[in-house]
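You will see subunit A twice below: alongside subunit B first, and alongside subunit C after that.
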Partner chain A sequence: MSLAEPVAAPSGAALSPAASGHLDVMARRERRFAAALLAPAFIALGATTTFPLLYLIWTSTFRMDLAMPFMDGFVGIENYRQLFADPRFWQSLSVSMIYTVTTVIAQVILGLALALLVMNMKRGQGLFRFIAILPVVLSPAVVGMVWRSFMLTPEFGVIDYLSISAGLGSQNWLGDPFMALVSVIVIHTWQWTPFAFMVLLASLASLPDDIYEAAKIDRAGPWQRFWRITLPLLRPAIVMVVIMRTMVALTAFAAIFTVTGGGPGTATEILNLYAYRKSFTELSIGYGSALAVALLVVTILISAVLFLIRRAK
Partner chain B sequence: MKTKHLRAIGLLIVTGIFILAWVFPIFWSVLNSLKNEQDVLAYPPKLFFEPTLAAYRSVLFGPQSILPNLWSSFVISAGTTILTMAIAIPAAYALARLRVPGSRWAGFYVLATQMLPPVGIIIPYFLILRNIGWMDTYQGIILIYLSFSLPFAIWLMVSYFEDIPFEMEEAAAVDGASRLTTLRRIILPQVQGGIAVTIVFVFLNAWNEFLFAVVLSGNTVRPVTIAMFNFVSVEQTLWTQLAAVSVIAMLPVVILGILAQKHIVKGLTVGAVKGGGRR
Partner chain C sequence: MTGPGKVRFEDVVKMHGNFAALKGVEFEIEPGEFFALLGPSGSGKSTTLRILAGLDMPTRGRVILDDQDVTAQDARERDVAMVFQSYALYPHMTVAQNIAFPLEMEKKSKAEIEPLVREAARKVRIDHLLDRRPGQLSGGQQQRCALARAIVRRAKLFLLDEPLSNLDAKLRLETRAELKRLQRDLGVTAVYVTHDQEEAMTLADRMAVFMEGEIQQIGRPADVFARPNSIDVAGFIGSPPMNLLPGRIEGGQVVVAGKPLSTAPAGLASRDVIVGVRPGAVQVNGTGRAATVEFVENLGDTAILDLKLDGAPIRARISDGRPFADGDQVAITVAPQDVHLFDAETRRRIEA
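Presenting the complex of A and B:
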């Protein structure tokens, strides 16, 4: 990151006082110019991110019920106290963890396997690169809709048809709590594995060939080469994929919303969805805000851990 | 020799399965959108049938036409893109090229804003927009789309500005060109490609956004991703039409994705690569 890299300029100390005074003027001008260029961005970011965050924390200390506005009022940390005693909060947190861990691990393993496979292909790499783009650019809402209707609808969807053909019978894919959770995990993995694949393939392609040549001369087997060379060299890319995908999985919304809406019951209700449902379905904005703050705290804690892992060599 | 053959066949099967798994849901939507009401319900599912454009005709020109929704999606995405680029390009230039005190912190701030869960942004925004009567308005939804499009665009543009050699600016400065002229005449033409790529991704992300749209949309602002729910209800799902709407909603982003094919890894990992590089 070379954000702070100065525009190449001689150091002022070596110059005559007059010249350094001139440089001061230049520097001040540059600073003013920079401020003018940056101001709109920071005003906009402040207004659309920082200000809402502060306002969110503020509303989380209120009882704010759009259905019962006459009960509204400041309650301090009451919402948070309620949150800790709320089984649905803990349930949604655990669904979040299951959803995040399974989808991220599946994406990395499948993406890495596919990248290694494609890397060794002599022909057809282009086809894979092309196909990998498709799911990634689609709207998760549309992906959810397609899966829900054309893949998973009992006695209509293709997956159900395959299940019947395989003698497993028609399943209520989205009506059964366990199957519903598996379904939303599979859908998320389907859509985002190509992301891991593309990133890891790019990283693989940038690895130096001579290390492998040397390993071959030393008679290292393919597994040894993978564990001893490929994996350590890919580590930064893998960790990056894990960090990015974790952040996205924690705030996944559209696909789950379209496929199950969080149900059946609260079977697929990740914390993000719970905060949404509380705020906009049950119209309990104050408590919903507290849930959103909790989600932010969870996000920060998890990313802190991941960044520590990233730093550790 | 034989094992080699077996391995090649095995490889072919595995890759075939992967390709099928990723293409099939999309392919199947396209297929269903071309069926008539009987064919779509046929069981076992039909792979071969007489294709018809009836579903497309119905969703585009029928009573439940999605044309207004396509327009809505377009206005939101185009508005977001224009506003984002107008703000992000100068900011990215300043962050990448100028001596700004605390620019590292500024860069970090831009990155940190992306950590905020969208649901935490939409709750307060919903309250504010409701108070000022901006629910279901384009300005309301476009404004909030800046929360995710700006950090992304700034970071992506910073990476393109950093690729330009410094000599170009120095030469222009020696010639007595003002900073603004230098930016306009010398720098911007150099990053045209980067600007195009950024536009593609900002547009794509805005087109695909869903959470903010669900909360803020109404009768005026109603993007396709929301309108597709019109074709699903508890009593009846209009399968062919739902498929047609899905395909229509996919089409623009697939085209954009293919256009930006070479840059997609960069677009997907920007910020993480840059900002995370040091930590």
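Presenting the complex of A and C:
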């Protein structure tokens, strides 16, 4: 304490009662020290996330065309005006929506079904959980490669083989626009259902047994127990899974890129992929940035809505 | 009393692997009776209740409910109501929804359910809390909510699994009296599991004392207290527990620690016995055998003297502990009718 005295005096603490002035100075010094400790992390975070984001928004107000650099210059909101009139933007946005909604719903339903099934397993639960988690730890790019070559190749792929065996004939899985979209949805669902499964299983395991016994005594059947007790009690976990998976699905990239590259045509071109193609294939960086900002806005809006729903009850 | 709610257990055995949780339990409960299953933890009383509820299946034996074999039926088909030790309220529903749940499962209409829920809530005095969630209630209120949920549907059987054990002492006394009144009003058969002999003694019309998966004794609480039929029951029932002293019957006398304590019932051959004396039956007065006061426990309205009788510890319950101090020499007597004799080998009561 005596060491603090010389510092306290010049800062004008003499005017206030000695004790509280003392504490004030101490608190200020603490805060300064804390800020110094936090600064490196803040600077690193700002340099790697905030700055690129602001730079992206800045870039989106320019015409920046690597193929025609002589046309470059500030255009204000021109890129956005163009975007609203761009049918390919609306097309990719709708693909993004279809992709997100179907994969998230499929993940929750399949994940919940698996979790309920595994909850009742007496043996081998640990092994099942281990196997189930494997797809999650794979890189989406690897998953895409595996599916494109090993699963979906006509004549040789496992899925195609099953289709032929089932009498449905060989299909051009990734060549047909509709089938290609279904395929990338299935691939994403395959990889990420285990995540929903693990979260819901953990949540399910934490529900007390006694309320199920009470429900049996109250003469609730299995369906009634599921709809009236399990589902409402899992609601927070389900909403959390939906939020997390929605954010990821909206910004999915690697698996689709390796499997179809957005094709055939623009059949599987989600907004993210369109922004990539515009920027790095057509080299229209300014417009690509505007597309990326649009994706950011869409993601934030949807997340905001989901968080509102979460808080609603 | 007549009506539904007659229960019979026939040679019920429950195995958990190689461990026998119940070893051939048999009893009968009359309609309208308040029947307590009393025993220490792990004695099989809760298992018995769960089998009666249909939450567990017995390994062997039959459960008869109103002359109908329900052994193979699960809980849904049995028409029983139960109050769990943990209350097991549905945390996502309000009190009203919790109470209404069993009625909704019976497909009753909203118009029918509403007044029934109100009435059940009023009976346990939580009708002002109907919109709350279980998480917003105190332990006592949650307990009442669980009670209301159990009584709202007029089930044949009312099962209670240690319903008072999570309440504090004062609330426990209040609720105990209310439970009894509630059961009387409803006239429903109640089966009550407890490890607290005081609860069983005060609430039950009859009780079954469980020890290690077996019923040791069935009877009215006062009868079980007055004539425990084994050493284990004698040691379990009563607070402080009955004094159990090794002794012998010799020449028409009950001999404890080398000297006669009282006269033995006529016609008993000489043998080793365990002598049981309730602390309340030990009379501390000027005559009789000498004993040393080891310790005086003053309980306010009564006192307990920890005595040494020629080396054997013995407790006496007296009305006033003030005249005694540690180390005092006293003399004790026990009336012959207050002496319980148990066979040292079979551990059963020796009937006079």
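Remarks
Just so we're on the same page, the second predicted complex is superposed on the first by the 288 of 313 C-alpha atoms of A that agree within 3 Å, B and C clash if a C-alpha of one lies under 4 Å from a C-alpha of the other, contacts with A are read in each partner's own complex, and residues count from 1 in each chain.
Everything below uses one rule, namely that a residue touches a chain if its C-beta (ideal position, glycine included) is under 8 Å from a C-beta of that chain, and two chains touch if they have at least 3 such contacts.
What you see is a predicted model, and the numbers here were worked out from it, not measured in a lab.
When the two complexes are overlaid on subunit A, subunit B and subunit C sit side by side with no clash. Contacts of A:V184 after superposition: neither subunit B nor subunit C is touched.
After overlaying the two complexes on the shared chain, residue contacts for A:A220 are found with subunit C alone; subunit B is out of touch. Of the two partner chains, subunit B is the only one that A:E155 touches; subunit C does not reach it. Applying the stated contact rule after C-alpha superposition, one finds that A:A275 touches subunit B and leaves subunit C untouched.
In the superposed three-chain model, the partner touching more residues of subunit A is B, compared with the other of subunit B and subunit C. In the superposition on chain A, contact is made by A:L233 with subunit C only, not with subunit B. Between subunit B and subunit C, the minimal CA-CA distance in the chain A superposition rounds to 11 Å.
For subunit B in complex with subunit A, the touching residues are 11, 14-15, 18-19, 21-26, 28-29, 32, 41, 43-45, 86-88, 90-91, 93-101, 103-104, 106-107, 109-110, 113, 115-121, 123-128, 143-144, 146-147, 150-151, 154, 158, 162, 166, 169-170, 179-180, 204, 207-208, 210-211, 214-215, 225, 228, 232, 237, 239, 242-243, 246, 249-250, 253-254, 256-258, 261, 264-265, 268-269, 272-279. Remark: subunit A residues 1-4, 6-9, 27, 29-31, 33-38, 40-42, 44-45, 47-53, 55-56, 59, 114, 117-118, 121, 124, 127-143, 145-147, 149-151, 155-156, 158, 161, 165, 190, 194-195, 198-199, 202, 240, 243-244, 247, 250-251, 253-254, 257, 272, 275-276, 279-280, 285, 288-289, 292-293, 295-296, 299-300, 303, 307, 310-311 touch subunit B in the complex. Residue ranges on subunit A touching subunit C, taken from their complex, read 208, 210-211, 213-221, 224, 228-229, 232-233, 235. Of all residues in subunit C, only 53-55, 74-76, 80-82, 84, 86, 88-92, 101-102, 105-106, 149, 153 touch subunit A in the complex they form.
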